[in-house]
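Here come two complexes built around chain A, the first alongside chain B, the second alongside chain C.
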Partner chain A sequence: MSGLRFGRSPEDRVTGWGLERVTVRYGHAVALDRVSMGVGAGSVTAVVGADGAGKSTLLRTLVGAQRSVSGRVRRPAKRRIGYVSAGPGVYRDLTVDENMAFSARAYGVPRRAARERIGELLAATELTAARRRLAGQLSGGMRQKLALAMAVIHRPELLVLDEPTTGVDPVSRAELWRLMARLAADGTAIALATTYVDEAERAGSVLVLLRGRMLAAGTPASIVADVPGELYTIAGPAHDPRAWRRGPEWRLWSPGGGAPPDAELRTPDLEDALVMAQLAVELGTPGDGGTGAAA
Partner chain B sequence: MSLLETAAVTRRFGGQEAVHAVDISVEPGEVVGLLGANGAGKTTLIRMALGLLRPTDGTVRLFDRRPSRSTRHRLGYLPQGLGLYEDLTVWENLAFAARAFGHAVDVEALEPEIRAVRTALIRDLPLGLRRRVAFAAALAHDPELLVLDEPTSGVEPLARARLWETIRDAADRGVGVLATTHHMSEASECDRLVVLVSGRVAAAGTVRAIVGNLRTVVVDADRWEAAFSALDGAGQPVALVGRSLRVPGVPAEAVEGALRAAGVAARLSVAPATFDEAFVSIARREVA
Partner chain C sequence: MLAMALKELRQLRRDRRTVAMMVILPVLLLVVFGYAARFDIDKVPTVVVGANAEAVAAQLPDRLDVTAIHPDWTRADGVDVLRRADATVVIVADPKAPTILIDGANLFGAQSVLRAVAANPQLPRAEILFNPDLATSVVMVPALIGMILVFIGTVATSLGVVRERQSGTMEQLAVMPFRPGDVFIGKILPYFAVGIVDLVIVVLAGLWIFGVPFNGAPWIFAIGALLFLFVALGMGVLISTVSENQGQAIQLAIMTLLPQILLSGMIFPLDSVAIGVRWISYLLPLTYFVEIARGVMVRGAPFDALLFPIGMLLVLAVAVFALSVLRFRRDLAPSAGRDDRAVTSEATA
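On to the complex of A and B.
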């Protein structure tokens, strides 16, 4: 059985960069199990999963910083990739200007071109007024914008961002997404990791990882359309492993369709769909012959 | 009686005012969400509420008293870093937390999944389980008020739903909850929200009340890139969502005008704004 449980297999439609059935091991532990993901030019692809699901391993494999034991990785030459790892991503003891100059040298951007590009990027990230401040003194949102500016100083074809918005407030998050959209509009292929489903909904395509395996893949709409069974709103509290609470309401996943009396059929959103997909893996679906693959 | 109530509470650091004249309250059985941009004063406000920092002006009442050591045992706190000792076992962590509040650990009351791993070191546990141990530690002494810092960050939707069930169960028993968050999925779990911007309350109420009548223009174009560049170039707050564009808080005629000026054909519709969009427009308006 393939690692993918729900959604369309991305291998069929991928043009551009990406992974095909990639497996990564750390010793005996399987960090990624036959994972595929396409990253198209001019679009944003989001990898969603909990802490420890394999998101960083996937992005590190994509940029060539992690070896896989099997599968194929398609990526541009190293100098055409921009990558921001999780964490600060900047040198805290250097100023904003010094961080940018360091990045320009690391990516081999000629001095004169670099000066112009740095000015342009600092203006776009609204960091011009902060250019002489130490990166360590910036807010979390400003630091992430600086890290993003540093990663695109050489106009990469593929931009890979590991949790660029974790711990970042909604205003800075909106600014980061605006910068990413500008880069995508110019044809950059962007892959990013996030732990938040509501954020992934902004991406053109989504890969959902559960413990190193693909739980779902496709556009947010296709993932919702492909999820098995039906979703109901019920009067809670319910002592049923297929029920969960969202805000004041209770939801129930009905794998074979059909529902208790007084239940109301509703259209799932992406967050509901991923709960349903995980329940299908953990509890099994009818005709599935028991528990699922990711257990 | 409110579990927590601040009245015109203000805190200055040197010449800087971190929190200005903030009124918040948490009643028994309610879940209040505290949202703010970085540097909005959330942490300062929470530290005053916990009695770790004294206000410069105004008052903080915790269980109708001044916050002190004697009110602390009636409070459960879950920090963002979870506050567990990595080199101690689950059991030792729970016992330590219980002793700090003058209680003993009730093994029978623990969830079976936690009881099953009670001799494991915290650092050997998966992150989702660690978070549940931290919840158990914060709840073990039956606090009347829970203060949670981004309670479900880094977990998958199913685990997030289960953690919110735990929080909701506590609220149903009469516990008051104050939760800070950056994310819509958590904000929508709260009964009521308080939005802090630059140390002041910029908006308060339910998600629906805060979004109010704010509308978003949704733009679908065959070439989203051209439409995006046109609207971005015109200084409009345009966001890419999938292959659609969203422009919150701008009249449809203005969006249409910017597209026409750039010669871009597109289909426009108007939709209610999301909470994220409302938050960003409130924060920008306050700062401007």
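On to the complex of A and C.
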């Protein structure tokens, strides 16, 4: 048993790159507990979870920057991986051009091909006008786009991005997604971590982590479909541990069905489903007999 | 104010290395200083040559510690002994022209011998070779060249890796197709070029401003200096790999500089450093550079006489490189470690 609660376990459909029942420890602390994830060519897989859930550890393990104690990791050779760390890893004291040139050389892209590719990527990321500026002088969004451009200069088979849109303005976020969609369309397997559920909804498949364990996995629709119980809109404020506020409304998760008098049944979206899944683990569902805190 | 002091105290408590340095360093410095800071030399290694060597050797004052007697050797052989630093004093026991030859490159040894000669009127006249005026600059400048190189080199490179780690680019490097050795060499190569320019400037300035002689072959000096530069830069990178932040890196770099200045024989002669502390001297690259620089520049020593210090610098270079690569492997290729029990398949297709 992988510990997966909702959705379909990806173990049996791992095609391409990914992790199979991988466990990672930091000293005695278990950072990832038998986690599986598949990243198929031409698709985007989003890893969602709260801070400290293990998203970065998972991605670092996938690219080989973190050692696992058990399980299987399938990744291409280093030359075929592109990775953007949460940093992001750009050299602030180098210009945009110099950062790109470093990446091209590091990945062994021939000089002429590199020149063309740099021009093409800077145009796609709208950084052409900034190519002589120091990376340290760029805005957060521009720096993320530069990091992405650096990571794909060698046309990697697997692209791994650690929270590429965190702290980025909505316009730059949209641009980053457009770039990622284009890369996926070209056949790149993309895995990214995000704290934004609306972004996860755009991904082909989603892995939800809760304290290092798989809470849910599958397509956004399958995760929503698999969450037990029903969702209601209620008149707040409510003190029920199964109730939460979303926007101006209050929501209530009813694990066994049945609702308070003035509640209104509604269809959950992915964000609702993730809250419901977490509540199901923390409070337990009538079927599993108790509080199964990620047990 | 109290809030500020309390905050500082809490921060200091977390930075264990700084606390350790503040407590241990004063004790360490006192002990090392105490045992190393001696200018006086009790015994001066002496070789006696010439027909009357045996008889003369038996009458020498205690201070002149006879290490070899060669009745069939001439004055020229004696000069060669000094050139190779096999002894500080050579007594030429030639009945026609008895002479005491003293190595002027060994400043304190020479002064000690001169005092002994002055106290013993029956000893023959003394002749100081290589540095006849016993000028301090002639002895100090070659050593200072090394100190300047180690200072600039170690401090400059000690920030390199820490900076990568702090800016998050180290993680990026870990995923790029670099080998740990590539990163080490790539890190020091630019500094190596700058270091060579520094070296040439400092040597020329030493020759012109202080009138230091350059009696030996420049190529021997170049071999020693380049090896030394590699070790100095490599030590900086090694310091960087074990430091968590730039402050720690600088602290550590300075910590390695202090013993080099005190124990390398640059200021205090190695012979007068207490044995219990002297072993540290033999771990320090500056010790060997000082030997090479003084040997080539002042005494005009031949290559084979400097094989030991050059060989030791080579050993230190290999050690620094190997240790840095080992440290880098932790950062750059954690998944390739021996104790990785994960079945990691690196598909290449």
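Assorted remarks:
Everything that follows uses one rule, which is that the second predicted complex is superposed on the first by the 292 of 295 C-alpha atoms of A that agree within 3 Å, B and C clash if a C-alpha of one lies under 4 Å from a C-alpha of the other, contacts with A are read in each partner's own complex, and residues count from 1 in each chain.
To be clear about the criterion, a contact is a pair of C-beta atoms (placed from the backbone, for glycine too) under 8 Å apart; a residue touches a chain by one contact, two chains touch by 3 or more.
Because the structure is predicted, anything quoted here is derived from the model rather than measured.
Contacts of A:R79 after superposition: chain C is touched, whereas chain B is not reached.
Looking at the shared chain after the overlay, A:Y232 reaches neither chain B nor chain C. Touch criterion met: A:A184 reaches chain B, while chain C stays clear of it.
Between chain B and chain C, B contacts the larger number of chain A residues.
Of the two partner chains placed by superposition, only chain C is touched by A:Y107; chain B is not. When the shared chain is aligned, chain C comes close enough to touch A:P88, but chain B does not. By the touch criterion defined above, A:W253 reaches neither chain B nor chain C. The interface of chain A with chain B does not overlap its interface with chain C at any residue.
Across the complex, chain A is touched by residues 167-169, 171-178, 333-337, 340-348 of chain C. By the touch rule above, chain A contacts chain B in their complex via residues 42, 44, 49-53, 139-141, 166-174, 177-178, 180-182, 184-186, 195-199, 201-204, 210, 219-221, 244-247, 271-272, 274-275, 278-279, 282. If you check the complex, the residues on chain B that touch chain A are 35-40, 126-128, 153-159, 161-162, 164-165, 168, 182-185, 188-189, 224-225, 228-229, 232, 237-243, 276, 279-280, 283-284. Contact residues on chain A toward chain C in their complex (touch as defined above): 22, 60-61, 63-79, 81, 83-92, 103, 106-108.
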